[in-house]
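Read through the structure below, which is laid out as structure tokens, and then see the notes.
Note that the chains take the letters A, B and C in the order they are written out, and that residue 1 is the start of every chain.
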């Protein structure tokens, strides 16, 4: 069996006395969509932040392609191939959509330290940006100011920016949060397209989406792994249902 | 387009002053244009990188003192030699101070740049060997005639504008703006943001050094008061006054402040209070500066 | 260096550090709680010193001058906060720097217009004008000891106030999340006013205590401001404990620097700052950096 793309070993993050993530050891197979779900406060977002480098682990290890990246900075992780989309809108609100994706695309192409030719002349970057936008169905919104888009469109832009960095691993932080039914369907469709052929770790509350797109599901409760398995097994599991008792799911 | 035409006319007008040979105006506008160079280079940091630096005048002063040192101690006079050396000195200092300061973020950064600026001020102010609080005369200026000095300053101002405008339109400029708007996001996109900020800091420092070199050329005199945080503060004022993040705005702000300072001095003894009132008024009522006014009317 | 000279410098350094702490604590509190970087903080120190001189000249007693001057400083703090600082909440750094810079210029002009450019000496109260022997060869002015004791007492009082009282809790809460505190119905504006006035009074008091030691002169606000900034950078923004440690460090480094390397005295202090920056960019006790 191939080595997992990402592996965590005893990953722990404490805030004072509170253990947000406790001794989580998980493997994420390459080319699969692996969802991480759980009741509110289970530590899902913290877990994702640990993987993207924005939070430092209290103890434990993170391995990416066998390399220890526990202490790697967010920018280094991105260059290694880790892409991230955010739960709360984290764009460049004053820039146009085209420019947002342009910045994302440029990060891979090494033109950022060029001082003399106008940016528009760098065709490779323009093409990379245009591709990411069209993959997400946002080509028509290219000149629109990012901060003025609808919530759903901003979600799509988030994903487009992530795609433009050509990531091998997608960290998706509640991409469907706050979306209306139609918008959610559109984004789920986009996610399915985007995730095929790539490895994704999806944190979501929307159970329909989770069970539709995912290959594997892990349930976190109080920062610990309760169970990992196929969507069917998780759906049928009594333990999981008990953990969710009284919780609104999607 | 229209803006560029206006700036071109302004540039030509400033150049024409050289033809008049008027001594007062050449001295005054020469000083004002040096302020433009300082303002534009600081805008690279404040307006386009989101870095409020109080160290700008330190690099201005360092290059000026470097000229004094090169000329007085080593007998070097030719601008072909002294100009690059002085700018290099300022840029190198910016590299060291920038590298240390950028380890700090946000307000820490501002405070650290203040501390380094004062350190350099005290260094020059308290050392008799470096002229002490009286300053130093430059034994022989790189250019002899006032006309040549003015022409050099005029050319430099235009070139600095064109250079910075170019850099800002290039991929580096866009990257810098991304860092200003959302540094954390840029990092998660794979950019080692500190590196870009350091490059901006060095470019700005070197250009401030150019301004200092020209100032020493114009007056033939350097003194520690040019190095302190008060001076840096005044350059920040011109950036705010003109409109940060517009490049041309701060240049206009510098010209305006030069006029205000000059006429303020002749009107009242307490013209510092006048400047203070102006600064406070601009912060409270005109936060986007003159350029904001111009752009506002263009849109509305 | 003889042992008694060393002891003298050490004691001087600690006393200087304690004075610095008084000033820096106000600065770090204001930034930690209000989120405003106040460049005019040094001006309050200067105002305190000038008030001490002016009032003691009029009344013949420094003690009386301080008693009257302190409430005056509190009032000044309240006014400044209401009229100027309040407009800076949530604004960008450039605006904060420049508005408070404008205030510095204003206060400088005010000082010049009221009291002129001369340097003034201030006499210590007769009751405290003796010296304390220090080892065999040195003596220490009682006023310095008094100043040091005042600062220590204030530091202890601050600690009690912030850690053990309800008001202190509100201050700490406001520092970490002002919006949340507001949502809970607590009047954040009042907390801000009180904290700012307290900071102003602390700086003013430091000026009053220092007046007999350093004389009263026009530029005195600026040098103390820069050193306070160094203290806050070293100690960490918002941390009183950090300000205390940083101030002692800076006070001792500066005092010994002046004796050991007369030409480069100030350089010592900045070298320490640079060293701390290299090791801990957020200060020794600053807010923890959660990421990488």
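Points to keep in mind about this one:
Everything that follows uses one rule, which is that contacts are C-beta pairs under 8 Å (C-beta built on N, C-alpha and C of every residue); 3 or more make two chains touch, one makes a residue touch a chain.
If you're wondering where the values come from, they're calculated on a predicted model, not measured in any experiment.
Across the assembly, the chain pair joined by the most C-beta contact pairs is B-C. Of all the chains, the one whose CA centre sits at the greatest distance from that of subunit A is C. Inter-chain centre distance (subunit A to subunit B, centres taken as mean C-alpha positions): 43 Å. As a whole-number value, the distance joining the C-alpha centres of subunit A and subunit C reads 47 Å.
Distance between subunit B and subunit C, defined via averaged C-alpha coordinates, is recorded as 31 Å.
The residues of subunit A that reach two or more other chains are 53-54, 73-74, listed in rising order. Against subunit C, the residues of subunit A that register as touching in their complex are 53-56, 71-74. By the touch criterion stated above, subunit B contacts subunit A in their complex at residues 166-167, 169-175, 177-178, 181-182, 184-193, 196, 199. Across the complex, subunit A meets subunit B through its residues 52-54, 73-76, 78-79, 84, 90-95, 99, 102-104, 106-108, 111-119, 122, 125, 161, 165. Interface residues of subunit B, counted against subunit C in their complex, comprise 46, 52, 54, 100-101, 103-108, 110-112, 114-116, 118-119, 122-123, 126-127, 229, 233, 236-237, 239-240, 244, 270, 272-273, 275-280, 282-284, 287. Every residue of subunit C that touches subunit B in the complex is listed here, in rising order: 31, 37, 84, 87, 91, 93-95, 97-99, 101-106, 108-110, 112-113, 222, 226, 229-230, 232-233, 237, 263-264, 266-267, 270, 273-274, 277-278, 281-283.
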